[in-house]
Amino acid sequence: MTTAPILEIRNLTQHFGGLTAISDFNIKLKNNQMAGLIGPNGAGKTTIFNLVSGFYQPSQGEIFINGKPTAGLKPHKVTALGVARTFQNIRLWNQMTVLDNIKVAQHGKLGYGFFDALMRTKVYRETEDRINHEAYELLKVFELDKFADDFPTNLPYGLQRKLEIVRALSEKPSLLLLDEPAAGLNTVDMHELIRLIRWIHDSFDVTIWIIEHHMDVMMELCDELKVIDFGHTIAEGPALEVQKNPAVITAYLGDENI
Amino acid sequence: MLEIIIQNIINALQWGSFYALIALGYTMVYGVLTLINFAHGDVFMVGAYISFFTATLLLSFLGVPGWVALALTIPITMMLTAMVGVSLERIAYRPLRRKGAHRLYVVITALMCGLILEHANLAILGASRKAFPELITTHVYNIGGITFTNLKLAVIVTAILAFFILQWIVTKTKVGMAMRAISYDKFAVPLMGIPIDSIIVVTFALGSAFAGLAGILFAMSYPILEPYMGALIGWKAFIAAVVGGIGDIRGAFLGGFILGAVEILVVAVFPSTYRDLIAFTVLLIILSIKPTGLFGIAKTTKI
Amino acid sequence: MKSLLQRYSVQLILITLGGLITYLAYEEAIGLYTLSVLMFMGVNIILSTSLNLVNGNMGEFSCGHAGFMCVGAYVSSILGVLLFAKDKVFGAPLINPDLALYFFPLIILTGGAAAAITGLLVALPSYKTRGDYLAIITIAANYIIISLIENLGVIGGSRGFMGMKTVVNTMNDTFDLPWMVIWVFIFTVGCVWALRRYNSSTFGKGVSAICQDEVAAEIMSVNTNKIKTITFMLSSGLAGIAGGLFAYIIGYVNPGSFNILKSTEVLVMVYLGGMASLSGAVLSAILFTILLELLRPLQIIKWVVIPLLLIILMQFRPEGIMGNRELSDLFPKLKRFYRFK
């Protein structure tokens, strides 16, 4: 039996006006894989994530999640196919408690509607009890339960990053996109984060795709790396090989023969 | 047939000139502060009253000839109206901004300022309408069946001149550049050493001065003044500014002229009670086709 | 004992309050004037809490609430007169007027539904844009609705429409109670209660998620367009209910009473109370109604004094009376004595 890859991108190209942000990008991610996407600033990494999560519609090419095409779907529908993501700049709902941040992320599979909310029907009460319980349990697993009633802004930066990952994970995704999870973290927090991501990868049945600038993070975490520059894929393969690839070194450090 | 069309175009241009001149103040303030200055329509009304008092004073008490009175009324009104606009900003808006109030609280304050201007006027001067004195003798010209007055032409020419002057100020002068810079990035501008408060004052002064100009022209064209005259025309001018693409001076003028044209057209074809109904519907249709307005640029969300 | 008190205190207070007002009205212990002020208070509470849902909780800027109120007022007035009263235009009542009492809430709700559908039409073009463009759309909608009714000669045009007093009198004939007071009370409580339930459900918290970060909301599985539509329809529907009640309290409607000035009043109540605070919206509606009545002798100057007071108030409390907090946030101890869900 062959199972469809978790994520498959075929010939993805994206234009913004006259600018080609992504050209002919391809990738296949298997179940429970941990892959990385690197490239200099402005290479188009976040654009790829935006395309995968449905925030942009691709100019050309196809994206399949669990074998299903995402063309024409709004982001919340793409999320329902099993994608969850974090953002480069933390985007938590800051005037909502930590617990509510997790609960609202269950919006797509609430299973009750407007009138249930007003009439407080049985399905409403059961659903609310269930997601309340689940959200609390999830926070407990990540040792965030003591902040359940706090607002995210009152949490230290490292914990906000962590909470955003937990919120994404609460969607029970099969593909988790982490957009620069280590940005702005100090060395201690960064090692904590690497442990966290590794632990998530081991404990949950989830494929993780990471954008990151810190090469040491990528070296420690990812089996496979893809390097893009100006929207073009310039290298791919196991992390150690990619690191030695002259094209990658040129892209990051510049050409020595100038 | 052709005469009727040209006749209506002239009427539309004149009627649109008022909207355009008022829309401009909305658009400039919005561009700089993202504040919908809902008091602006009433600033226009105040401008019309200021010109009334200035003109009456000059004509009746000082007995100067009409054209001298007009030549004096225009700068005096523009200056005084600018002062009204700037005072609103200094007294009501700026302290609120300083306190870090939500943007919409400033908008509500602007609404309240408009109400105060309207009703204070009503309370002080009473409900009786004021008749604007005739400053220049109106000549009616008739060329090939098209009638127009010197006043009508003057209104249109003034509005177009105002457009070029403002466009020049905004694109070519240092102050204008600072204005545009503020609308791009409110936080970086003070760091570059640009005195943001002075720029805001200049913006309010310019916008209000041109509302004052619109006030004079309106009072001369339709010489009946009443306190509520600014409210409806102000709301409409605001919508015109948005249809043109708020924040853009060309948009304000285009929007104003479009609104003027639609209204004149409606009145030419339908009973005049349908004017607001159809005019607003047309504007809504334009907005739903081009939500950012004709000259507006869609803001892209970055993630 | 305490949990029992906590559980039923709100219901107990409301029933006592409602009963007391009804009794006093029945015994004519409070004058007609005070009674009508109380009823307007109810209408204003519905208006301010419902607009607060869109402008406060969702963070949009809707400026034409009176337009939806107008739709509700006209639809329920026409329906009521058509069904239960003898009218010059609509002829004899279609249904036995004795039934008016039972159908009245349905009539008001129909007005609300009509306003909600109007709200849907207005909300549709607002998907593509955010914030201030909704302001334009709603202002324009407000003008369009008024203008449309002014041009509809059948229902009185700008002269207005009346006959609702007959319906109210029929209700009172059927069963001798001050029915309008009772209905206004029930609908006001129902409105606040529905909004409270909506806001406290995970479903309804999608609204504040949209307000705080729409991109994150959409990507975190919130169907933002659907939530926006439902919220906007709920808000405009409640405005329609307020309009219907308003029409039957006065017994006469004309398009002029739903102009942009009325919308401004509602906006003021929302921002006076504090954005996204339900108790703030209720409180400010009550205060504002009282203020309007107290200053009535000033006539024209009233509209100088009220804005001036508000401007001064906003200089001291730039976040409104309650900010974005609720009563129970200000006085946490109160939570022990009541539960409002």
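Read from first to last, the chains carry the letters A, B and C; within each, the first residue is number 1.
Following the convention adopted for this analysis, contacts are C-beta pairs under 8 Å (C-beta built on N, C-alpha and C of every residue); 3 or more make two chains touch, one makes a residue touch a chain.
Predicted model, so just to flag it, every value in this text is computed and none were measured.
Asks: So which chains count as neighbours of both subunit A and subunit B?
Replies: C
Asks: What chain lies closest to the overall centre, CA atoms only?
Replies: Closest to the centre of all protein C-alpha atoms: chain C.
Asks: Which chain maximises the distance between its CA centroid and that of subunit B?
Replies: Measuring from the centre of subunit B, the most distant chain centre belongs to A.
Asks: Counting in whole Å, what is the centre-to-centre distance of subunit A and subunit B, each centre being its mean C-alpha position?
Replies: Whole-Å distance between the two chain centres: 49.
Asks: Could you give the separation in Å between the centres of subunit B and subunit C, each centre being the mean of its C-alpha atoms?
Replies: Whole-Å distance between the two chain centres: 34.
Asks: Which integer distance in Å separates the CA centroid of subunit A from that of subunit C?
Replies: Comparing mean C-alpha positions, subunit C is 43 Å from subunit A.
Asks: Which subunit C residues sit where two or more other chains touch them?
Replies: In subunit C, the residues touching two or more other chains are 215.
Asks: If a residue has to touch 2 or more other chains to count, which residues of subunit B qualify?
Replies: 303 - these are the residues of subunit B that touch more than one other chain.
Asks: Which subunit A residues sit where two or more other chains touch them?
Replies: Residues 55, 87, 91.
Asks: Any idea which subunit C residues touch subunit A in the complex?
Replies: 194, 197-198, 201-206, 208-209, 212-213, 215-225, 230, 234, 324, 341
Asks: For subunit A, which residues count as touching subunit C in their complex?
Replies: 53-55, 74-76, 79-80, 84-85, 87, 91-96, 100, 103-110, 112-114, 116-118, 120, 124, 127-128, 131, 167-168, 171
Asks: Give the list of subunit C residues in touch with subunit B in this complex.
Replies: 55, 61, 124-125, 128-129, 132-133, 135-137, 139-141, 143-144, 147-148, 150-151, 215, 260, 264, 267-268, 271, 275, 300-304, 306-308, 310-311, 314-315, 318-320
Asks: Show me the residue ranges of subunit B that touch subunit C in the complex, using the header's touch definition.
Replies: Touch residues, subunit B against subunit C: 30, 34, 36, 92, 95-96, 99-102, 104-105, 107-109, 111-113, 115-116, 118-120, 122-123, 231, 235, 238-239, 242, 246, 273-274, 276-277, 280-281, 283-284, 287-288, 291-292, 301, 303.
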